[in-house]
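I'd like to ask you about the structure that follows.
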């Protein structure tokens, strides 16, 4: 289109430069600080310009801390979270959109409601459940009086116990209990041509075949986008892994990173090492973003295909 | 989508499909939420034993507590300003990155990076950036002493939090909004150009109205996201201070429950917050959501 | 018929709909109870205005929509409660609904794969179909890299590869440009001759209907207006609705009044002899109107409004008794603009309809 | 037996604790302790609460001074002295014992990483400004501060205004009560009184001095943190925990000379003891005998003089049994900077005590600390006067106490 | 012409393209340099197969695409570097591109609003246009709640409300069903008669082209094949491409060989007298072929392949010298299936084309 958009393009360029500086600024400072020595920080506070100590600091992270192991945990948690979220969300969105069930609306509302309450404000009670996932069952048995009956017959009441704390499953599961994925998949399914569904039915495809042969391949980009987003949020989770993992070799890298900050007021944190840690810990997610960036935009475009 | 009766009609399969997610959600969302509601009617001893039913007493206490209201107002102010900015700024960036200029491609990549950096680790950096003596505003401070003092002045601390929150909120909203902009049919822009609207005008008359669904989505998610992300940032940057000026409700709930062992009070506040957020989101869906669902 | 044709010749099946109805809810009755029988191997075109229930009817036969009442029998089996895959029908969709992520081969082979056919057999069957449809060179391509006509053929291939007894088409040509549409129409006719499946073809293009159908089913608001051969429908429309729906330009309809001996137009001119009293609607097709030189006899005068020259023939629009009447003239007939015209409406070409119900009154003028 | 020990420290302290655990496991084979860092005291306690309710809590848990009453009334822990009657608990210095004792004189928790408040100066800078005698009273500090200021020094004295520093330690050493009922030791029905004591005056002084540019808080310093500000030489004097000595000394090396002494008094006030800070270890209920044996072994292990010395050397925490001082003396490193605060800290904690300087025995006290900080920060920011802030803090604090009382209605204080 | 029509009568402008070319890059030359002049007030239809550059041409005139070379002059002003809004053109898009978030009124009024027209004036102007297009009752609705025909009218309203000197249409009817399309075509012709803007109308529907155009511009791979009146294009196609592109069914093209006196088909039959040597292509339209009774004279025999009965007439397909030839027969002519036919190809109706270039060779048979 012929347009005299110089003013707009200049403005856009300016906006983007400001945006990029805004984004890169803190990252630069992180890197700059990470490349200074502890003594430098003691003397000057954080650094505005880079030094030459980055590899020393990074080496320190690898040799002196649990962060390398914890990055494996982060990988497991982020991957598990992303994978489970994608798969389970896909399945539930599938059920909600493609099946004639009266409860679809209710279930969708129940799932959607989870978007509104972050785990941070229900962490105490969530921890309780995680420490014994059967506690609701036990409570139910108690309340309904069933346990009384059982105790009468068998001598002891039922007390099921299964703690998922300090397990990878326990780190992942509460993160998966979230509705964003279902929401996104539902929106995406609604934009697929409906005749595709009918065509598959005419071809004799049942629900399972339709899911695997048609829906899954077509959802690839959405799947990828959601996967990346969930992976990243799983990787950067702080409070839940902090609470749910008790041993340092079960903790995630972000928690391990926060541990480098001393609690005692007398100590000045070793910021160069912490920042080097932050850099090390962010490498995997940043690499992921750089590689999969275009799927993000594609996968989230909710247009008629 | 398709008319009802052509959908799959299975009795147990859809149940089976939603079961795993619903089970997780029931277990790790609804049970804890229910538990919180339950506790809000009791005076609960931290280590259990001797919990006492007190009816609405906790609610009465919380609602009579000026700190609660202050935190509540602060939360609303934060939600509104932070989420507005965290949508508005990515919106402006997305509009810019949607244009065919050389910077657009690198920007599309770089602007997503913060998503990979944990809020907790970036908090430290933001605290440094906004340090009144050595941070970027230091020159301002030496010209007008104490004009910028986030450690003393609550408003300044608030601004620091918002800047950090927006930083972390850019990627997701940027990606969603950019995707929305890119799915606007080209002819729509051309039609407006033929109608005499220049590129600036088209932003307001065509692009913005047409990405309302995406704007709505980001706004809804951002409202809750601002609550979540604020937590990590407050925890690392301000600790709720100075003088409680950045104690949002989430942080207050956390500290009341975590360091104050006030399970009942924390649960009561959680319950109230939940009701508030649910009502708010429902209202958003009702008032905003209805008006912007036009067919193309 | 050669070996390839033989290989996919389908076992055509009768389709009988008895009292089949569809209502989405108490208010939206899309199709009131309908009885119709589609004979085995017959090519039926379903024609009607947008929203009249054509797709709904097709989808009820296919099993994509549930019937609200009545029974559907295909090849002797009651099928109205069966899943689509158990009805022996195949369907071609308007926008083809090809699987965008599968190659042409996989698209065509998909139903065979679902039914568990062995791979070798599948390759053979798809090969046969592809050859027949001229798709052999494109089997490896994705639908995104095909032209409109090729996509259409893939959609057909996908439908016929299962050798269905019933082939359903829901406006399969409406997305093509005029030329391709013409070519595909010819191919479809040829195809039906070869494989002989009972075919139901939904369209709202009458040229398609006229050229493809053994019989045309004309729907109006879910009701059958007429179900007959194209010829009968064109020359003996059962109602004003059908008369106006078929033909381009459509039949001219003029309100007339009978006084017991003649029919008169609104302006009092006599257009026909008939022993009828009261108000009627008189129909005549544009190509049946003859242009005369003088005003004597049946000839009626009128003023020319405008003309459309289509090359092969021209359409003239004139005013007659307050209505616009279109006349198709063969090429070469030069008529001066803005002059009066003398029209001859041959009695044998006139159609008479009830003024209120719009139903045809055959035999009103002898031949009809 | 395999036992777990939960602690809250991070950084250098965490490393020292982990080393101790490893040493314990290496030293014997009967027991194995897994030391689990929870990231902070708060998280640690919160998890202990949830874990206790779910009946999978650890045997040993470390918690800080402020939570003492909460744990005492929790019905989740047993007094260490009950479990380990044979230990010579008298060996613990009185200042440490008093804080964690029941009314019957039984030690409830075993003091572990202990600290107390000290006064630090940058001798080099003070001398530069012409202050040759290290100040010991607030009056001297302010005089010195004025000199420093006159000499162009930007930050004469620094503190963070933390409750522990400006209220608890100040009140204790000046013999002032924080709350009635001897800071709660005599019953749950006490009330806060700090807003009426001399502490209120001191806090008002801090506000005035800050206005004058003599005192700086965290946020007033370039470093954004008062300790860092002192360590970099930005500030010349500070009040801080004994635990910060190691880092400060290290930072000063080669640049400045450091002095450390007891926390300053106002003239005319008799010096009393400072309170023990840091944290102590509790034994949790409902564990089988073998596990309790393991716990006992571990407690015995960390009580050993050489282990305490190790902790002191690694972190700056103060040893709290009398025999450690002897051990240090014997080690030949008595003058080493790593033990510099040990004797001083013990001396400070061993000053004469009154019933009001035993410690803090107030419910929901952790939350009160936050309330206090919140309110006084408002006063420092100039939003309201210090007296109003303290009155507000008292009011909110009393509400906490009343709710605590109601929550533990019918529970007997030990 | 009434008051409403007067109110929006446009100041039609000449459009002159000189050497206008478009290439996306060195390889994809969409339009090689082209010269063409569209007269003020003329209705030009641009016709051509998909991808031939019709939309590109239109968009270059509109200013939506930059020209790669050449100049465009509209109403005496060089415009090729101006923004769309400064060219005085309005455009109707294929999918209408109505603003989904604006009411019909706002859609139509938008360009006026942008130009800063006062509200009262806007309301009046939109009212006039809406009345003319029969949209007065729908002004408050959103496009999502309109039928296809109504949307189309809104799109037209939006274009004409500014009284543009040039009106551009890019396949505006291709999304409509056959009947609506027919109606809209008539309305468009009427509209053009009223407002008289210079109109460029892109389509690939030849009926539209034939009925609407003052002149038709036929494009083939970006080149002008012919630019002439519909009549000339139909009866005197400049090339085989045009001949085959226009007419439904299209002109029959048969390869012939001249021996200096007669032209012979591949099977040796003589089809015409001509003093030509070498290979040619012979064209004759389906409706120009006459069916005779005997084999004498010009009549050539062939075998009937199939017939399509369209009601008003029938199309017969026969084989002639190895090619399929289509014949249009008027209604009533009964021809038995599967018999031999005797065809009369009148010399005056024959077209001759160069075998290689496909260019017409007028005058080869006298009259032509």
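Letters A, B, C, D and E name the chains as they come in the text, with residue numbers starting at 1 for each one.
Convention: contacts are C-beta pairs under 8 Å (C-beta built on N, C-alpha and C of every residue); 3 or more make two chains touch, one makes a residue touch a chain.
In this text, all values refer to a predicted model and were calculated from it rather than measured experimentally.
> Listed by label, which chains are in contact with subunit C and with subunit D?
Common contact partners of subunit C and subunit D, which must touch each of the two, are A, B.
> So which chains are sitting against subunit A and subunit E at once?
A chain counts here if it touches both subunit A and subunit E, which gives B, C.
> Counting C-beta pairs in contact, pick out the pair of chains that comes out on top.
A-B
> When the C-alpha atoms of subunit A and subunit B are each averaged to a single point, how far apart are the two points in Å?
Each chain reduced to its C-alpha mean, subunit A and subunit B end up 16 Å apart.
> Where the CA atoms of subunit B average out and where those of subunit E average out, how many Å apart are those spots?
56
> Cα centroid separation between subunit A and subunit D, in whole Å?
That gives a centre separation of 38 Å.
> Mind pulling the residue numbers of subunit C that touch at least two other chains?
59, 64
> Two or more other chains touching the same residue: where does that happen in subunit D?
Where subunit D meets two or more other chains at a single residue, that happens at 43, 46, 49, 53, 222, 224.
> Where in subunit A do residues touch two or more other chains at once?
1, 3-4, 45, 124, 128, 135, 198, 201, 206, 258, 261, in rising order.
> Give the pairs of chains that touch; include all such pairs.
A-B, A-C, A-D, A-E, B-C, B-D, B-E, C-E
> Would you pull the subunit C residues touching subunit E in the complex into a rising list?
49-50, 174, 177-179, 182, 189, 204-207, 210-211, 230-231, 234-235, 246-249, 285-287, 306, 308-313, 328, 330-331
> List the residues on subunit B that touch subunit A in their complex, please.
It comes out as residues 1-2, 4-10, 13-15, 17-18, 20-22, 24-25, 27-33, 35-36, 39, 89, 92-93, 95-97, 99, 101, 103-104, 106-122, 124-126, 128-129, 131, 134, 167, 170-172, 175-176, 178-180, 182-183, 189-190, 193, 198-200, 213-214, 220-221, 224, 227-228, 231-232, 250, 253-254, 257-258, 263, 266-267, 270, 273-274, 277-278, 281, 296.
> If we count contacts the way the header does, which residues on subunit C are in touch with subunit B in the complex?
It comes out as residues 24, 59, 64-66.
> Show me the residue ranges of subunit D that touch subunit B in the complex, using the header's touch definition.
The touching residues are 42-43, 45-46, 49, 52-53, 70, 74-76, 217-222, 224, 364, 366-367, 370, 373-375, 377-378, 380-381, 383, 396, 400, 403, 406-411.
> So in the complex, the part of subunit A that touches subunit B is made up of which residues?
Per the touch definition, subunit A meets subunit B at residues 1, 3-5, 7-9, 11-13, 15-17, 19-20, 22-27, 29-30, 33, 45-46, 88-89, 91-92, 94-101, 104, 107, 110-111, 113-126, 128-130, 133, 135-136, 173-174, 176-180, 182, 189-190, 194, 197-198, 201, 206-207, 210, 225, 229, 232-233, 235-236, 238-239, 254, 257-258, 261, 271, 274-275, 277-278, 281-282, 284-286, 288-290, 293, 296-298, 300-304.
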